[in-house]
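Following this line, the structures themselves.
In the two assemblies presented below, chain A is common to both, partnered first by chain B and then by chain C.
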Partner chain A sequence: MVRLPYLTALTTLFSYGLLFAFGQLRDFFRKIIDWFKSSSKDLKGYAPICLGLEDFYTRRLYLRIQDCFSRPIASAPDAWIDVVERYSNDNNKTLHRTSNTTKCLNLGSYNYLGFAAADEYCTPHVIDSLKKYSCSTCSVRVDGGTTDLHTELEELVARFVGKPAAITFGMGYVTNSAIIPVLIGKGGLIISDSLNHNSIVNGARGSGAAVRVFQHNNPSHLEDVLREQIAEGQPRTHRPWKKIIVIVEGIYSMEGELCQLPEIIAVCKKYKVYTYLDEAHSIGAVGKTGRGVCELLGVDPADVDIMMGTFTKSFGSCGGYIAASKEIIQYLKYTCPAYLYATSMSPPAVQQVISAIKVILGEDGSNRGAQKLARIRENSNFFRSELQKMGFEVLGDSDSPVMPIMLYNPAKIPAFSRECLRQNVAVVTVAFPATPLLLARARICISAAHSREDLIKGLEVISKVGDLAGIKYFPVEPPKHETQSHKKLE
Partner chain B sequence: MASAVMNMITAALDWVTVIFDAPLARAVVFGVHIDGHLVVEVLLVAVILFQLTRKSYKPPKKPLTEKEIDDLCEEWVPEPLHPPITEEMKAEPPILESAAGPHTVIDGKEVVNFASANYLGLLGNEKIADSCISSLEKYGVGSCGPRGFYGTIDVHLDCETRIAKFMGTPDSILYSYGISTIFSVIPAFCKKGDIIVVDEGVHWGVQNGLYLSRSTVVYFKHNDMASLESTLEKLTRENKRAEKIRRYIVVEAIYQNSGQIAPLNEIVRLKEKYRFRVILDESHSFGVLGNSGRGLAEYYGVPIEKIDIITAGMGNALATDGGFCTGSVRVVDHQRLSSSGYVFSASLPPYLASAAISAVNYLEDNPSVLTQLRSNIDLLWKGLSDIPGLAIASHPLSPIVYLKLKKSTGSSKSDLELLNVITDRVLKEDSVFIVSTKRSVLDKCRLPVGIRLFVSAGHSETDIHKVCDSLRRVAALVLV
Partner chain C sequence: MAKLYAQTAPPMDMNKNTEWFLYPGVWTIYVLILLLSWLLVLSVFGCTPGMAWTLVNLFHFAVTYYFFHWKKGTPFAEDQGIYNNLTWWEQMENGKQLTRNRKFLTVVPVVLYLIASHTTDYQHPMLFLNTIAVAILEVAKFPNMHKVRIFGING
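For the complex of A and B:
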């Protein structure tokens, strides 16, 4: 959990207040200038697409640091990337591409097992499948979009995750938004973690069920909420709820924390509620054989009712899956809108996932999968411990490849991002609205493709920039050999 | 002791006498002689009135005890996650063993494929496959990140500029999946309190977007301009303070639930009269309608600036995946920060973006493929005009040829069973792959079900004759 010191909170609030005041001043002048210029006849009678305050944040705060986000790259999102240089003629309002690129260390892409670029085993198979099936099926799954690759992938995913059956879709976001309304509707209750991803929030809203939130990663608060809700029943009518689903994530992407899965599953079993686990960031990246948080925390996959995941992060492809019992999957295939109305997953992407899973399981005849899994665990733990020794405030549990470094102050966001880019390290900084207003952070994603030298270079640069930006909030730990030499002297 | 009490009582009685003898007590108000006792009676009436105006007494609510909550939790029985599985739920779709082109292989047999929306026949095109292969070797498969965090690859930006140049609009934005385009665009522009007028035959993606936007949604009769006009008239008359409310009309260019084409010139005339904005979903008309494939606006000769927001999925004519949205610079820029399907999702795989660029280039260089598609549709229309029991219900120019039952059995469920019997027999006996429309439980559309044939420019005349003969034969056996 984040401990926000009072002085930092004060300075951050002051900075935001200053930015807000300047933004309002500029808006005021803009209104005066617009009043002099006449607006075009076409727009008379139409309400503006964006009312004044709706995009205040975009216009006055985000546009100033727009060059830290959406940086285009000209190569595969591997360990080293070519970031395209951009320039602006009007103070960051519009950015133009140049044809120059800088080679930078990539600490921002979700490339946990290193399958992002052309891989020696996967890419030939992908190209073969492209030649055989071409790049799309132009059809929905239920009509003519199911090829034998899709059925092979579903069986493989079910086997990998440890559930009886699975169903796959072409996009992870759509998986959540289209499945949750099928499983639960009006008269049901969804209890979701307070820091769940936007796709889960949208799916829950689209389902029509009531939604309640429990404190992040807090099984005792979940139990309190469950007791209260089951006893009260539906609001106003007090009829009992038809069903209750609890939605949690495996690794929370903005905190880097693992979910407290065993305790949450115990609570859910006690009260007979269903569990939905979203393993977007944890499948393939944690666990001894890459099977996700269930393996890492010792939970039997049969205890989780529905397991969802995406192929974008660890498998270097695109799409999402749901793994559950045979009956649930049959029902989903009958009525899920993403299965009935959305184009099926592109066949080369399907082949990429099949090859990646085979590498992880070792079925391609080599032990590259086990090497990758060991390397990402070593890399994450090494990087995290070094950062903590340097005095940065790093969130997340050990073994998790996502590590956010707290920045807090809005001015430090562009400072950290631009200075790192100048020294050829590409980092991701996140601010409002993806995180709470005062808790801006830089998020590092470690990959199995990073070598030890890459990580050491990254650490040097981050340490230098951290000193410049003043984000080493904790005291620096003295290096170990000094204390040992002290002991020797005595 | 007793004398002190006696003294106090006498003092109190003296006070009472003084009050009664006070000047007020002897006043004469309006001819009524006020005595002391009147004061007491007035006070009593005041107290009664005061009590009447108080709320009635409610006993305080007692919270449930721990034991009671435990009992309630024990008793509660949840519904199962899925309803009982019926026979029809167990049906599996046919599995293709080769590319979904005009001819494909199912179960080892070669069949004629009318189930893929491969309108321009671009599946298996050499140039597109080559560009995909070079893209795969350079960038790998996935883009490993959302657009904001190093997931923007230069092919995405090139694709956006290419599509904007092709459509004639200032800018466009790329989404990573066809169906997520429309249900991310609508909530980005329509908020609570806005008014949206929408056709009742739109597909589930649009319905989901409308629900997520929390705006007021009014449906008008499917493709009926008179109904649209009366709805717009009623809404503008009732809402006088319409200055701050945004109003939208949402239509599809070619409806996938019926094959009808929306009359865009009428819609633009109505939109300008009543001051609404238009959101047009061109998933099945992009690359199909118009002399050069630029969609519905080119077909009707409407200048593209008059349509505010155009969205399309690229999984049909362009034979790739993903979607795009195009419009003015303000429209496109707004989505880059507030469209949830763009901001919170990984970007389109780069090889699909390069396939889209090659497909648009091909379409611009070879407009003859559109004439081929149109002649195929005409040929199919002629062949299907005399099928016993089935009638064509789509527009003559629509590449989705929609066949309805002439006499419905009364419930759409039994209609669908009948149509499934026809499609199964056509596949098994004549090796022609056609499909019926399957609706999800969540779909609100109430248009009749039917059989959909997706015509492609890659179909030959023999293919079209084969499907007509086969349908004629099987329909005669099953329906009559």
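For the complex of A and C:
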């Protein structure tokens, strides 16, 4: 459900129209000026790098606010982060780094459990493994790149997620885009949620299977699409599909919404299709013991055929994993190109994940894992409810650590981002084409490393900047007498 | 005044170039931009209202013909060029013809033509130019012209 004030929709469309018109005008004059200046002789006969207008958006819209994106950082992405200052002499076309840094409150990193900075249990183990195994295995998994750390990690991940076996890869994006073509090919059907991540879209396109889309988080529409596709069969021959896979995500990173997993699994079981759950943002961050969206929504992991996740978000490392039955994992080990040809995960990164999972499970001998999980839930609910009380339009379900604040107008994106940076709060703003054109947003990621004072400072700054930028689209709730109702966490 | 909110289900168009047209408020802003540009032309050139409507009609013809029916592809590279042979009109709503949005966009040039020719009292040079503008635009929007390239122009 997309809900926006009508006047804002009109002004946003008008602003984009104006930006587009000015961009086209500047392109027109650039073409005239370049036609007068004769082209250099060396490039005669070469094809142009960009076909038609496909770089228009980058040149005329993205480059104008380039300083809001790709900000270099100079420290670990903890609750507070050092952002490198940059300046530009030609109106943001090129940016130059200075050697100054500003310490800012970090509301943009996926540091859900606070493992991104040095941790008292993980870091000594990581340094030991760095000394013992060095920083790279210098080999692919299938040749000489499987250390005992890798096998230990795979067993641990399988146990943590609740599946019989698991396999890990060096990069999270590649996990999706290299696995999906191996699981399904021509003659198969992939039905994916309309707001799935680019890695899934890439994997689906590379597989050669037919791809259909169902309305975001809408199990009844999924059922309609399934019934239509199963009845029609493959295009032109109308033979039955060889395989049908439904791909959904646990938490959608641009909306902060949880997937309606029980209903979707029920629909998939009814029509006997396979399910693929991408838990990149939910593993380790939601659920009573951090086991992800299956635990939170009460779904048996045995009902989901393939569970995918990444180690980048909650575990403070890099890489991705797939957890499934032993037969599937064995099959993947001898077909997946990311296992056969890509370098294996770096051993210190593997050790970081092993230590982080041990902390979450409480196997390191303390209850820091349970504390972190409770803290992130508390932090997310507090921050979200405060923002909503101030009148911001915040998306996402409660308990989800990702909260997008809607901006809508294109001019508010750099305004919000730059003003927050000036007040020492680092936020991430997202615009077209990662989100639909009208729905630009600032995405806040809460971490267990944020203390209550940090959150209150963040709220003050965001409230002030929100007033300046005019993004409090909903009516402000009047302050009522707060009888502190502590929600009993089931 | 209480704030008016518009609420829709998110449109399912995968093509980010045309998806924005399915959101609420597009028709309103389109008409409002035309009205605003008429006022702008009147204040800048100080001509008769009929001449202003003719100018708006011709300018609207030039802009919409160029961007809807001439330029092909999308202004960003993320879709890997799968729409590189289709104009914006052909990409709209995945090529489905005679939808509500297409009908709206077909009616607007006709209404503009009627207003322009009425306010100029059907006098000669303006009537001729207005008629050519509306004829070309309407022919380009016929469902039978989907993916048709006359004489291979713009192929």
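As a convention for this text, the second predicted complex is superposed on the first by the 480 of 490 C-alpha atoms of A that agree within 3 Å, B and C clash if a C-alpha of one lies under 4 Å from a C-alpha of the other, contacts with A are read in each partner's own complex, and residues count from 1 in each chain.
Here is the rule we go by: contacts are C-beta pairs under 8 Å (C-beta built on N, C-alpha and C of every residue); 3 or more make two chains touch, one makes a residue touch a chain.
Since we're looking at a predicted model, the values are computed, not measured.
Ranked by how many residues of chain A each touches, chain B and chain C are led by B.
Within the superposed three-chain model, A:117 lies in touch with chain B and out of touch with chain C [touch as defined at top]. Look at A:470: by the touch rule set out above, it reaches neither chain B nor chain C.
In the superposition on chain A, A:55 makes contact with both chain B and chain C.
Of the two partner chains, neither chain B nor chain C is touched by A:362.
Contacts of A:4 after superposition: chain C is touched, whereas chain B is not reached.
Touch criterion not met for A:478: it reaches neither chain B nor chain C.
When the two structures are aligned on the shared chain, A:334 is found in touch with chain B, with no touch to chain C. Contacts of A:137 after superposition on the shared chain: chain B is touched, whereas chain C is not. Residues 50-51, 55, 58, 198, 205 of chain A contact both chain B in one complex and chain C in the other. Those residues of chain A lying in contact with chain C across their complex are 1-7, 9-10, 13-14, 16-17, 50-58, 194-195, 198, 205, 213, 215-216, 432-433, 436-438, 473, 475.
Chain A contributes residues 45-47, 49-51, 55, 58, 62, 69-78, 81, 83-84, 97, 106, 108-111, 115-119, 122-123, 126-127, 130-139, 141-148, 150-151, 170-174, 177-178, 181-183, 197-199, 202, 205-206, 226-228, 230-231, 240-244, 271-274, 305-306, 310-313, 315-318, 327-328, 330-331, 333-338, 340-343, 346, 348-349, 352, 426, 428 to its touches with chain B in the complex. Touching chain A in their complex are the following residues of chain B: 64, 68-69, 72-73, 76-83, 85, 88-90, 92-101, 104, 113, 115-118, 123-124, 128-129, 132-133, 136-145, 147-154, 156-157, 176-180, 183, 189, 203-205, 208, 211-212, 242-247, 275, 277, 313, 315-316, 319-321, 330-331, 334, 336-338, 340-341, 343-346, 348-349, 351-352, 355, 433, 435, 438-443, 454.
Those residues of chain C that touch chain A in the complex are listed here as 3-10, 12, 14, 16, 19-20, 23-26, 28-29, 32-33, 71-78, 80-81, 84.
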